[in-house]
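As structure tokens, here come the structures.
Heads up, the next two complexes both have chain A, just with different partners, chain B and then chain C.
Now for the complex of A and B:
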């Protein structure tokens, strides 16, 4: 513990030293600022900002999701600053920099417009590209999301995520994502820095993140840096758009699954804006009637964000989101199919609100960020109105992140503090877990400098120190990220150690029960993961990108339900270790403005090792290896998007090999012969005759989705978009859930034609 | 992360002629659609899922032969591919036992029993009294000849060592050691054959004290064998209670004895514990070939002795020699 405290002190003292270093070496100048879109005041990420001196020497930076750029260690002199980004006119200014000067230059970029027939086409902002992956990190922009056929005219982030290799979903219901072998509770989802516990809706096409509210999303499928922690598998860091600061705009959509209203505009023109979105499912009135099938799902979400410019060097945003879901996913095995009963219902609600302040100290080349947030989840499962399993999790968190720009090195560091309250009732599903109300405090710091020792090479070592005073536990987590761009090639790698104190417990034996109880590591051992990722990307021409990436995750102290032959009654939980390994291959052809095709193949293998005594006895092995139910070996996605005469035609074909399931020899009845048992009086218990766990494989999953849409201008700034499409075009009977006890199967959505209308005031 | 700002791309990318690019792209469009629809055609076949593994196991059975009874019972369950919360209905099974050493075959009869929880099950009844030291094989045979079977060796009476009674602070104790027994007996009883001193003409009466798990009364494994300690003072209270003696009465103790009910030597759960969560797992504890479950046997082992006059008195009884 004392060595841990010494390390914490080191991490906190080092940044102070950096301030002095920055001051001492301040004979050079710094240019920094925010880049926004002149039409709506939105920040533009990915803008190349280049400074050129009279001799032609170049230095520069690209804007981040806040539209922020910083170029430091500039020799005093006269420069030309040029900002460029696809779809916008280049922005050029001349500037003179004095020694020690820090200039904040914010500028607005003007959209480049082209006439195409009768329709005014606004050049689309660049897609990040499905093959644009760097050591597990994939950046997603709204333009990427819109390439995926969706049942709703407003695209949704999750629909894009499920088209990426390495991300396995249960299918079109359940809202569970497994990322490179990790379980859903091992993914951290952040919206403007606010943690959202369970943001994916019960219908798999939808999340709390419609494309219309997203600025960008960074999805780390592993190997994430020291800024993030507390999860074993992945981080989805989503930044919401800011509202239009120039004028009121909005949109309303209607489609068979969901209806949406979005409104945004200035509260103080040019300075303060708001963005609000409301979505409500209309499945019962829409999709359910289209397929003439009961689809017992309901969901909705409300999102709002206020963004204010506090002068030229500071911005404040307040973000809030609320989601609710309920529905029935599976079948009750003990209920006779002929008997009318009320099936169990899953229900959850997220409520989260947070503020984010970013500012640039006038005299220091520093970017500072302060985050304060509250998030809660309420999850219930059981008969409607009388749930048998409940969980309430609340989280208050504070974080401060700073970046010091010292020459070619960016020193990132930060501190964080969070407090959570966890209160769950498992309804007896896990006999050996006695949950009580728990309060967990987490405090820590991180340091993660980014060195750029030569052009194209970025080395980012990091360390994260986190402590749980209430649990008397502390962890030191090393991280490393290296990216080397050389010509058309990019080589990258990432590695790190991760711990997850807040653990999600669920019973994966039943696909219909996605209830998740949040608790502290229930068996006293904190789950741990070690990641290593290595990738290669090449872009020989503007319209071909190829990427390949391999990963390996070593997992220890996982919490899994104990193996039991009792048919889906209560059980114990147990610790298991595991590994996840595999590779992704992605090929992207074309560009988003005409034709784009992405072909990806993900291959992975997830293995858990159980030391459950029953399995040891059964097999004679000290540790029994098995493939958990989310171990999809191969996943292929082909997405094609074609833009022709104002029409957008999108096709997606997904293929996945079958997920593991428990085969059985059948059923019998079991009597415990532990004494002078009178077998004429003891009825025994029904038993399923399982052998080794998860030896079977469900049938392969594949589906073709198609959509076609066109936008019509019906007023000076009013547009009508009509979208039509087909989900599951060749009506594949993809299995969602097989009930071993009744042999009834629940299939995923059948062939569904869709028609959506969007009225937008831009 | 602000420290992760990508540096701008300053190098030039290779440039191809527009004509070449468009031609190549058209071919790409065509190739993509051919690939897409080829894959759809290839993968379009429906697949059914069979959750059951084919295996040569047909029945589950639970029961045992009891040397104390002329009627034996065996629960037989036919393996099925349907969950049956209400229990089984019909069964296609013929149950026989064969006394291996003699070749005597007994055919068991089927009975459909309704249990207290509303379920029903097939109990087969065999009229035989097993002989200690002999093997018995039970065969459960389907009409098509498929069969599950199990064999048990009925435990024979082992040796026993009776220690001298010891008078101690807690009263008189006496050890009984069964050298060949290596597992907890299913039942341990100690009987006391007494006569009421107030009515010495009446026939003797027996009190049977059942030794339970409490305070380790069923005994423990020692290097000498299974050791059971008799604590006479504790038993005296139970004897007094059962036979209706007064608290200070000292009934005549004619003799006493111990009877333990012992399972066959294969009736030993993994790790020596009857752990429900482990034993429910098929195959963790079974002696059935071609099926699941357990078919065992039981025997009662007895030992009778008398106490010395002094010990009888210290134990709270009257020695019969003074009658």
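Now for the complex of A and C:
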């Protein structure tokens, strides 16, 4: 503990040191600023901002998700500063920098338009590309998402995520994502810095993040830096668009699964904007009738954001989101399908609101960010109106992140504080968990400088100090990230140690039950993960990108349902250790302008090992190793997108080897012989007998989805887009859930033709 | 096409074939191999009764499946200590919830310390076996009684007791004052009180038992001329399977629960002074 305190002091002393260093480099100048799209005021990430002196010497930076760039340690003099990005005209200005000067130069980029026959085509904003992965980090832009065929004309982030190798979903229902061996509760999802507990909708094509509201998303499949913590597996850091600052625009869509309304515009032109989106599922009226099958799912979400420019050096945004889902995933095993009963349903609701202030202190080469947020989740399972299992989690969070630009080094550091209240009633499902109302406080700091010792090389060591005063637990988590760009090649690696005090408990023995209870790590053992990732990417030409990446995750103190031969209606929890390892290979051909194909293959193996007594008794072994139910060995995705004469044609084929499931030995009537029971009279209780855990494999999963859309101009700024498509084109019966009690199967969605219409005012 | 393309194309075709082949497979067999044709047995051998019963069933594939016929199934036991072989008789019973069950019955009383194999055969082929070891009689030491007339107790120790004692009775053979014959009075002590190194310890409260005896005989507490003819104890023991019913180490290719219940007696002689302190007349043989 004393060493922890010493480290905390070190981190807190750091700002003073950095101010000193900044003062020491006062003979040089700094240029920084924000780059936005002139047409709507949106920040543009990934813009190259290059500073060139009269002798041709170059230095520069790329903009981040806020469109922010900074070039520091510039020798005073005369320069040209140029911003360039695909789809926009280059923007160049002359600049004179004096000693100690910090200039803020904001760029407003103008969209490049080209004439193609009679059709006016706005140059497409660049996709980040599925093969553009760097040590587990995949950046996703709305243009990427739009390449995936979807049942809705408005594309959705999750539909793209499930096309990536290493991300396993249960299928088209359930809303659960397993990222490189991690469980859904081990993923951290952030929207504008606000944590969202369970943002993926019950129908697997949809999340709380339609492409229309996304500016960019950074998905770390592991190896994330010191800025992020409190989760074992992954981080999805999503930045929402800021809304159009120039004029009112909007869109309305209707499709078999969901209807959407989006509206955005200036509140104070050029300064304050809003963006609002409302989506509501129409499955009962749409998709259900198309397939003539009951699809008992309902979901919706409301998103709103206000963004304000507070002068040229500060911005404030307030973001709010609310989601709700309910439906039935599995089957009640004891209810005959012929009998009319009220089935159990799962229901969850997220509510989150937060504010984000970013500012550039006038006299320091610093980028500062302040985040304050509130997030809650309400999750229920059981008969409608009378749930048997409930969980309520609320989280207040404050964080401050700063970047000091000192020469070629970016010093990132920050502090954070959060407080959670967790209140669950598990209805006895976990017999050895006595849940009560719990309060968890988390406080800590991190330091993560980015060194650029030579051209193309970036070394990012980090340390995160994380303390839970309410639990008397503290952790020091080292992190490392190295990226080396040399010519057409990019080599990268990332590693780190991670802890998760706020744990999600669920009973994965039943795929139809996705109820998750949030609690402090039970038994006083905090789950821990150690990641290491190594990757290689090569881009020999503009239209070929190849990437390969390997990963290994060592997992300890995991919380899993205990394995017993007894009925599944309740269980204990038990500790398990595990590993997740694998690799993925991605090949991307073409560009998003006309033709693009991505082929990816992910191979992985997830193993859990448990020394739980029940498993020892069952198997006679000291430690039992098994594959958890999300261990998909191989996953292949092929996506093709073709643009021709104004039509967009998208195809996706997915293939995944079968997921593990519990094989049953059969059913008997268990007579509890705890006394001299008369077995000729007592009938006993129905019991399913399991063998070893997850020895069975479901059949392989594969599906072909196709979509075709075209946008028609029906007014000066009014557009009508019509999309048609087919989900599961060859009507593959992909199994979602097999009820061992009755052997009734629930299949994923069958062949579904879709038709969507979007009316957009741009 | 160049010859160097051929291996590449071969690999592509092979991969495509594997994908198509595995991709077409859509059926699922959710029953583990070891569960097919597996039996469940519930019951125990009981020394206290002359008729032994176990319930047997075949595992059903689903909860909604009807019970599977046990036609061709034979249940038997063999006493491994003396080789006695016995075939059990099947009997259909109606259980408390109205459902049907199949119970196998045999007329014999198992013996303490013997090991029995319950054999389940189908179509004359042995398919499952469950083993029950009857508890072993422990060594008993009886200490001298202590205390005055209102509180006479006697300490018993059971050594080398490996099985679980579940009930203990002290048996008194007494003759009422009218000499109408010998009456047997059983005084229950429930579970023995404490485990000790290598066994169990237990205290008999002789003074309190006197009131229980007089009450059983319908006599008032002041009655003087009751004769004590014999004192002994009877202990019921559970075999080790009862302590961990889920373990099933004694079951081969069969699920469920199979165990045994053993009973043993031990008698001793109280000295005359103790009998007098209890308020009885000493009529024990040898005194």
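Following the convention adopted for this analysis, the second predicted complex is superposed on the first by the 756 of 762 C-alpha atoms of A that agree within 3 Å, B and C clash if a C-alpha of one lies under 4 Å from a C-alpha of the other, contacts with A are read in each partner's own complex, and residues count from 1 in each chain.
Assume a residue touches a chain if its C-beta (ideal position, glycine included) is under 8 Å from a C-beta of that chain, and two chains touch if they have at least 3 such contacts.
Since the model is a prediction, treat every value here as computed from it, not as a measurement.
When both complexes are superposed on chain A, chain B and chain C clash. Greater residue coverage of chain A by touch, when chain B is weighed against chain C, goes to B.
When the shared chain is aligned, chain B comes close enough to touch A:541, but chain C does not. When both complexes are overlaid on chain A, the residue A:48 reaches chain B alone and has no touch with chain C.
Looking at the shared chain after the overlay, A:722 reaches neither chain B nor chain C. In the superposed model, A:105 lies in contact with neither chain B nor chain C. In the superposition on chain A, A:668 makes contact with both chain B and chain C.
By the document's definition of touching, both partners, chain B and chain C, reach A:742.
By the touch criterion stated above, A:657 is placed in contact with chain C alone, chain B being left untouched.
Of the two partner chains, neither chain B nor chain C is touched by A:585. Judged by the touch definition given at the top, the superposed model places A:681 against both chain B and chain C. Residue overlap on chain A between the chain B contacts of one complex and the chain C contacts of the other covers 333-334, 336, 564-566, 614, 617, 636, 655, 661, 663-674, 676, 679-684, 686, 688-689, 691, 695-696, 698-700, 702, 732-733, 735, 738, 740-743, 745.
Taken together, the chain B residues at the contact with chain A in this complex read 1-11, 13-14, 16, 21, 25, 28-29, 32-33, 35-36, 39-40, 43-44, 46-49, 51-53, 55, 57, 60, 62-64, 73-75, 77-85, 87-88, 113, 115-117, 119, 121, 123, 186-187, 261, 267, 269-271, 274-284, 292-294, 296, 298.
Across the complex, chain B is touched by residues 46, 48-50, 58, 60-64, 66, 68-70, 225, 227, 333-334, 336, 367, 369, 401, 403, 410-412, 448-450, 452, 455-456, 458, 460, 485, 487-488, 539-543, 562-567, 571-572, 589-590, 594-595, 597, 599, 613-615, 617-618, 636, 638, 640, 642, 651, 653, 655, 661-691, 695-696, 698-700, 702, 704, 730, 732-733, 735, 738, 740-743, 745 of chain A. Chain C makes touch with chain A in their complex at residues 19, 22-23, 25-32, 34-36, 38, 40, 42-44, 46, 53-55, 57-65, 93, 95-97, 99, 101, 103, 242, 244-247, 255-257, 259, 261. Chain contact summary for the complex, chain A toward chain C: residues 333-334, 336, 564-566, 614, 617, 636, 655, 657, 661, 663-674, 676, 679-684, 686, 688-689, 691, 695-696, 698-700, 702, 732-733, 735, 738, 740-743, 745.
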